[in-house]
Amino acid sequence: MTNERYESGLARLREIDGEAGARVIESLQSIAPDLARYTIEFPFGDIYQRPGLDLPSRELITVAALTALGHCEPQLNVHINAALNVGCTPGQIVETIIQMAVYAGFPAALKGMAVAKDVFTERGLIDD
Amino acid sequence: MTNERYESGLARLREIDGEAGARVIESLQSIAPDLARYTIEFPFGDIYQRPGLDLPSRELITVAALTALGHCEPQLNVHINAALNVGCTPGQIVETIIQMAVYAGFPAALKGMAVAKDVFTERGLIDD
Amino acid sequence: MTNERYESGLARLREIDGEAGARVIESLQSIAPDLARYTIEFPFGDIYQRPGLDLPSRELITVAALTALGHCEPQLNVHINAALNVGCTPGQIVETIIQMAVYAGFPAALKGMAVAKDVFTERGLIDD
Amino acid sequence: MTNERYESGLARLREIDGEAGARVIESLQSIAPDLARYTIEFPFGDIYQRPGLDLPSRELITVAALTALGHCEPQLNVHINAALNVGCTPGQIVETIIQMAVYAGFPAALKGMAVAKDVFTERGLIDD
Amino acid sequence: MTNERYESGLARLREIDGEAGARVIESLQSIAPDLARYTIEFPFGDIYQRPGLDLPSRELITVAALTALGHCEPQLNVHINAALNVGCTPGQIVETIIQMAVYAGFPAALKGMAVAKDVFTERGLIDD
Amino acid sequence: MTNERYESGLARLREIDGEAGARVIESLQSIAPDLARYTIEFPFGDIYQRPGLDLPSRELITVAALTALGHCEPQLNVHINAALNVGCTPGQIVETIIQMAVYAGFPAALKGMAVAKDVFTERGLIDD
């Protein structure tokens, strides 16, 4: 079942998401291993391999979208970590989430910021 | 206040949702008993009485919709249980949730699968 | 950085949201104090100062919107408290949430009612 | 098939929505007359009969919810007309839509206001 | 760039979506041919190839999800056509959309039914 | 009523959105001039003045969010134009919209791409 998309996707997933990505994939093995495989192959084996945007830009637009959608806290946690992993600054992440108040409303921005605060605190970037 | 729609709806709710449905209705009694009554009368007394789709098909489209909407975990839990109660296989439920990655994105599908994993584990259908 | 909008917004926030509003603002200080400032200035310094609707009406439309959006429980908790603080009755809040079953579906209404139940129980308005 | 809920719902629909409501019901006859019936029975035969909120308040919370959801322009058109029919002022409707910028973002509010502008223009309430 | 997933996906797309699917793919060629390719490879080359649900069931859950999301009329048009192409009856499609009134509210169901009416009329299944 | 935020916001709006932004503001004058003022003051006078992200990055995260939300075509049109105005390449905009297939599903990405195609065609960036 493994193939080039899977292998390059898994490498990219590890590079970007680290431990958190591995946990998502692992958690699917007992119920839907094919969803784990698609998650590796399509987002990470196809999209995050594309040259048109650098990884920090890709993670910021993902943080923007997940904050705007408003119901994706677990994935937002993974991607705020990923944004930091690929070189985004905490300040860029905070700016991205603040701007979502304009496009998706203050509740979505406040929820997104609460997730960012959890991640930043866990990584020792802020005291709380 | 009881009537034919209420009586047939309550019977259908018990058939489909079992204990979980009873808990939803019970939880409303102290604050909004009329919302409990409407929940019995309209979804279960009207819609789930209709002949045009069998109950397993009705539950799969509900699982699809709740997964796609992305913010309905408690109701998704109830309806994944309901799908199993009326004869859907775990495999059909997993397929339905995987397909939502196409139409509502991977975060919605991953959240839906996490709810399915909880239900399947609680019912001893998978080990975790 | 303080100004007239900020000062009048902070007074309005305290009047409407009380302790809960103060906690939201406080929680932002270590990560995004500017989002705290915007939350005070725009919603409370601009919008909730406007004469065209009284405060109880403003809180009911907010409860309606947050219930319909479906993914804003923390903010819905704050605004159900706020609605009570500015003179809405528990019955008006319950009616507003029930009506959302028509426009956003039963799951959204049931989730909104669960938040209302928490608030009403904490304030001793219902027994649970 | 007609019954008390249907009859009182139809009367309420005519009172609130006038021509626009009649057109919605009529448009369903060739494809899903039962959805027309449910639309009369549940929203108008059950919910809009309840005493806990007056009709202008019910229409304002509906305008709020439909604006916040963002994808319901035809229904928002019907309900802005309905709000005017039951005695809401144009100013109250405008205030409700402006406030949604806070909770659902500026795009939702701007889209809602464009619908209000169409309705107000058609009714001769503003020049355009 | 073509491969097995692409070839089997294209065949499945033609089988399910016919002309409408071809138009979606064609419309992307001048701006984002890779999105056309992914649309063929992932939904149709991966998901709609899976054995766990038959095609009519897959199309009904797609109709359910797109109706519930509420902002996907063009895709809903394609998939109501697709549902008919793979053997769903008009009655099953109507039932699926009616049921969404429960889970996503009446506006979403009414919008979905308007799309179904367009499709059924265009295919001569109903008079209008 | 004008003030520093309004003046700097109006200048920023003209710089970013050009004609399209002016039309949005103009269209509000007959119904809700205060919503026009807030649109200038908060998004453009506060947020788009902030130094933490450059304007091209701000426009890409806005394109991402509006594509993901799925119901904001008019605003997405304005912001795809704005992205081009502040120096984003068509390729970066296309990449941003493609990536939304992962997080919000293919319908949202396809709808976003249709808006981009309109804008690119109107500006002579692609033939259609």
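For reference, chains read A, B, C, D, E and F in written order, and residue numbers begin at 1 within each chain.
Here, contacts are C-beta pairs under 8 Å (C-beta built on N, C-alpha and C of every residue); 3 or more make two chains touch, one makes a residue touch a chain.
Not measured: the values here are computed from a predicted model.
> Which chains lie in contact with each of subunit A and subunit B?
In this structure, the chains that contact subunit B and also subunit A are C, D, E, F.
> Can you spot which of A-C, A-F or C-D is a repeat of the A-B interface, where more than half the contact pairs line up?
The same interface as A-B is formed by A-C.
> For the copies subunit A and subunit C, give the interface type as same if over half of its residue numbers appear on both sides, and as different if under half do.
Homomeric contact, different residues on each side for the most part.
> In whole angstrom, what separates the CA-based centres of subunit E and subunit F?
The mean C-alpha positions of subunit E and subunit F differ by 29 Å.
> Two or more other chains in contact with one residue: find those residues in subunit F.
34, 38, 42-43, 50, 66, 68-72, 75, 94, 98, 100-108
> In their shared complex, at which residues does subunit E touch subunit D?
These residues of subunit E touch subunit D: 70-71, 94, 97-98, 101, 105-111, 113-114, 116-117, 120, 126-128.
> Which residues of subunit C touch subunit E in the complex?
68, 100-108
> Any idea which subunit D residues touch subunit B in the complex?
Listed in rising order, the residues are 34, 38, 42, 46, 50.
> Quick check: in the complex, which residue numbers of subunit E touch subunit B?
Those in contact with subunit B are residues 42-43, 47, 50, 52-53, 57-58, 60-69, 72, 75, 91-92, 94-96, 98-104.
> If we count contacts the way the header does, which residues on subunit C are in touch with subunit A in the complex?
Against subunit A, the touching part of subunit C is residues 24, 27-28, 30-32, 34-35, 38-39, 42-43, 66, 69-72, 74-75.
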